[in-house]
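What follows is a structure written as structure tokens; I'll ask about it next.
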Amino acid sequence: MSAVAVEGIWKYYGDYPALRNIEFSVREGQCLALLGRNGAGKTTLLRIMAGLLRPQRGEIRILDKDSRHPQTRASIGVIGHGIGVYDELSALENLLLFGRLYGLNDPHAAAMEWLRRTSLDNVAGSLVREFSRGMRQRLAVARAFLHNPSLLLLDEPFTSLDDRAIALLQSLMQSALERGATVIMSTHQLREAMQLATYVALLVRGKLIFHGERPAEMLQDPTWLYRTYGES
Amino acid sequence: MRTKILAALCLVSGLWLVRNLYVIFLTLGDEAAQGAIYRIIYFHVPSWITCFTAFFVAGVSSLLYLIRKNSHFDTLAVATVEVGVAFTIVGLVTGSIWGRIIWGIWWTWDPRLTWALITCIIYAGYLMLRHAIDDPTARAKNSAVLCIFSFTSVVITYKAIDWWRTQHPGPVLSFRTGGGNIDPAMEHMLFQNLGALLLLCAVIVAVRMRQEDMQREVESMRRYAHAL
Amino acid sequence: MLYLRQVWTVAGKDLRSELRTKESLNAAISFAIVILVLFSFAVDPSADQIKEISGGLLWLVFAFAGALILNRSFARELGNDCLDALVSSPIPGSALFLGKALGNFVLLTIVELVSLPIFGVLYNTQWARQLWMLMTILLLTTWGVTVIGTMFSALTVNLRLRELMLPTLIYPMMIPALMSAMRLTTLLIAGEPIPAGDEIWIRLLIGFDIIFTALAVGLVEVVLVG
Amino acid sequence: MLYLRQVWTVAGKDLRSELRTKESLNAAISFAIVILVLFSFAVDPSADQIKEISGGLLWLVFAFAGALILNRSFARELGNDCLDALVSSPIPGSALFLGKALGNFVLLTIVELVSLPIFGVLYNTQWARQLWMLMTILLLTTWGVTVIGTMFSALTVNLRLRELMLPTLIYPMMIPALMSAMRLTTLLIAGEPIPAGDEIWIRLLIGFDIIFTALAVGLVEVVLVG
Amino acid sequence: MSAVAVEGIWKYYGDYPALRNIEFSVREGQCLALLGRNGAGKTTLLRIMAGLLRPQRGEIRILDKDSRHPQTRASIGVIGHGIGVYDELSALENLLLFGRLYGLNDPHAAAMEWLRRTSLDNVAGSLVREFSRGMRQRLAVARAFLHNPSLLLLDEPFTSLDDRAIALLQSLMQSALERGATVIMSTHQLREAMQLATYVALLVRGKLIFHGERPAEMLQDPTWLYRTYGES
């Protein structure tokens, strides 16, 4: 069964086509890196998968259901450009809030568990407003992993994390993959992404130019793909 | 040592007040038009003057804080505003009681009264703003600015009886009218009570400041522990 | 059950971040006093005819305080793209909407209940003579106003619809509810029970609440997903 | 010269981005209309005594609608940390303040000029009989209100309870200006020139503007740098 | 003359000391990378240099003047965590705005020039609200370089830029250094930073642990410094 099946998607902003006839599918348990230059359409595609935007044409199936189906949404974890947590609540309160919305059995235990795993447990009671940028990003990670999602949609998850936090996030993604989850991430930090991604997809100006297993060349030279398929 | 001085001053102001009470109720005669109730003037007017003084001091120390950035001025400003608001409420209550007896109503929308209420709200707003800001430097700075703005309302309250025809009595004290509107004995007594209240006010402010300073000391010790 | 819990979770979050400390209650109280003082300058508060417009005054105060609170409701979600996080979670759009409406409703009601007695003292009115009826009217109207306001807030937050000048449509939409409330409140403050001929206003109010709640709950899902 | 250009640049930016979305302008205008309509239900607009409170009513409307605009003034800078970008640029704090005040002033004036004729129609008043004097009063008061509103918007920009706190703090401060304006406007709408005894109100208004502009310009630099 | 002289700075948030007795100076023309884990205090230090925060104790001199002196501010370029441009204005309008505020002679020419150099010229008229994340960051770069500042304070400038944009930013920084400007940047993308930085400073929990020329080891192994001086 494919975790995500994208069938001929077009998305226009006004009359600018941000996505043109995107078509591909991701099998369960794969880790896909969505690559592309600034403005290529990565965020738009991820938002469509997360059910936050509707494409003008084409269809998308997540775990064989519609992307807005409640069950689908309950099994997706999303990190977007904004961190998606409230400045006025503490770290713990934020996670409790989302734990309850996702209908977890014991939101408190899950929240404490994930604060610990992102090493935010000693600031659990502080308001997010007082966090540094990296601490916010960690909290966003904790929020996305909180309900053990079986599909992770991560938009530039490594942003502003330090080396230790990146290693941590990689190990979290690794263990999610091991329990059978699917990961789709967009990123510009290719080196970090290539340690996990077994598949890559390349967007160039809204078109899908390449999709397939990660070419071996990219391990040594991360920008190889850009130079081979992209413009210049 | 400071504690002893404060205690002594507190005792002095207390004794002074008791002695004033004795004179007010037992020695002085009733006023011709109003009868016994006029005695409330010995508390009404001094408490307003006290609160005006407190707000004035708060305004000046806020300004000094902005110039010097010394947190002692900030402490002085909070302490005086807190005490000032308390005296404002005393003034409102005594005025209301007086009004109930002379005019037959607790409250009327007379300019003097309204402005007195507005002053009270504005300074309560100052205290609210302080509570709403967590960062101590930002708190001191923003509330200092607010405190300076607020003082305009004190000026208006004070001048209200000159500017508008009010139901509230016009000026009676001799330094405003040039004399002749009030019996000198009454005025003398009024100033006696004012002195006692001002002293009391100063003692409370000093105590509050010590409290704040102590809190800051505790905080800085905690900071030091952090820094190690 | 889960649905109700989700509604309550959303409402609780809004309330918690607003009522974190009791300053907000203090602020609400002094806000109410401030508006009442402001009114005293506009109309002559000692005159007898003030009785005739007391309901009007009261609801103007509420409408005004409400506008400030409602304006904030969905704007709060924009900050860190929190709206995205909520919309992508499995909570139904209608639960999200009801939760936010409930939060606003509680905040508005607090402000209203605080201002009522203050109004009584400052304007020398005995508002409590028909207490239960007054409370019913108050809650009914507040709910109607909240539903419209919350929906408006959700609409304007969405980029696509922002240009449609929705506020211009939606504030006037509150008028039927507010108008009935004014009429009824003036009667109740005068101490009389509601005369038979004026019951139509109550029915108007109830109808208003039902229709707009249904409309909002039905349409909000479309509004939230871009 | 450079100073004036900077003031104008800041004001121009605010106006341009507000007129592009018209978010708060629409909200403020429609809110003003709602209050006017509602009030016409609350009081009997054909009665003679409405003339006596017309000035008061008008300025209440302006004050309430204005709060919606002032509330957004510095909040607009929070989005992408734009305030930081402005504060770190070489523009003096006072120029920044004056620019933002000017922008708000224009927006408020637009709201007022739109609501005036509507007021005239709804309440059957000939407000234009002392047009020039009325405009002078209007502009003087609006400037005072704007200065206070902008300054306090800067003071409260980082607060949790900004929406509630800002009006609670600004209305009491604005009362001198609003009170004078109410008084004078009532006189002017009645069609008479201002009598000699009431000139004190104009002086109060001018004094208010000068004092608060001076205070704000002097203190704003301190407020902006954390 | 030193471009930045930091003398014994302490900064508290509440009673948490985010910076403790920081003392160092940067000579004109140097490029300093400010390193440290999440929450170490990099942003706080940069904000103090930019005159956006005041330290509780200690002093700071920028180009031998106070940090709030108008001349100082006119010669500083800042990129913070927020991008500092307005969503409701177009890219060009944003740059014109800042060009005017910095008192440039010909704001329009400068704005067009920098739009071109950050390859945003074909979207000059679009509202920033419609930009992708990388395009926003480019605009932030354009805003910071617009007035040819002689001191650049960049907080994580490489965030969400693609490989081409990173190369571009590096070359912009290089040419700024060549005309004698000073650059201070904080970043977690060490590899990209090490190509330019000749000096590094390491913050650990608000203390300055290391300051000096870039150790040769870091070219091969960017996290060497963390492991040598930092905790764990």
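Here the chain labels run A, B, C, D and E in written order, and each chain numbers its own residues starting at 1.
Methods note: contacts are C-beta pairs under 8 Å (C-beta built on N, C-alpha and C of every residue); 3 or more make two chains touch, one makes a residue touch a chain.
Worth saying up front: this structure is predicted, and the values here are computed from it rather than measured.
Q: Across all chain pairs, which one has the most C-beta contacts?
A: C-D
Q: What chain is the most remote from chain E, judged by the mean position of CA atoms in each chain?
A: Farthest from chain E by mean C-alpha position: B.
Q: Please tell me the distance, in whole Å, between the geometric centres of chain B and chain E computed from their C-alpha atoms.
A: The separation of the two C-alpha centroids amounts to 50 Å.
Q: I'd like to verify one number: the distance from the centre of chain B to the centre of chain D, where each centre is the average of its C-alpha atoms, in whole angstrom.
A: Chain centroid spacing, chain B to chain D, equals 32 Å.
Q: Return the distance between the CA-based centres of chain A and chain C, expressed in whole Å.
A: 39
Q: At least two other chains touched by the same residue of chain E: list those residues.
A: Only 13, 54, 81 qualify.
Q: At which residue positions does chain D touch at least two other chains?
A: Residues 21, 160-161, 165, 168, 172, 175, 226.
Q: Multi-chain contacts in chain B: which residues touch at least two other chains?
A: 118, 121, 125, 128, 132, 135, 137
Q: Any two chains that touch count here, so list every such pair.
A: A-C, A-E, B-C, B-D, B-E, C-D, D-E
Q: Going by the contact rule at the top, pick out the chain A residues touching chain C in the complex.
A: Touching chain C from chain A are residues 47, 50-54, 68, 70-71, 73-74, 76, 78, 80-89, 93, 97-98, 100-103, 136, 143.
Q: Over in the complex, which chain B residues touch chain E? Could you list them?
A: Listed in rising order, the residues of chain B that touch chain E are 134-137, 219, 222-223, 226-227.
Q: Can you name the residues of chain B that touch chain C in the complex?
A: Listed in rising order, the residues of chain B that touch chain C are 105-109, 114, 117-118, 121, 124-125, 128, 131-132.
Q: Please name which positions on chain C make contact with chain A in the complex.
A: It is residues 2, 5-6, 9-10, 13, 16-17, 20, 76, 79-82, 84-92, 225-226 of chain C that touch chain A.
Q: Residue numbers of chain B touching chain D in their complex, please.
A: Listed in rising order, the residues of chain B that touch chain D are 66, 118, 121-122, 125, 128-129, 132-133, 135, 137-138, 141-142, 144-146, 148-150, 152-153, 156, 163.
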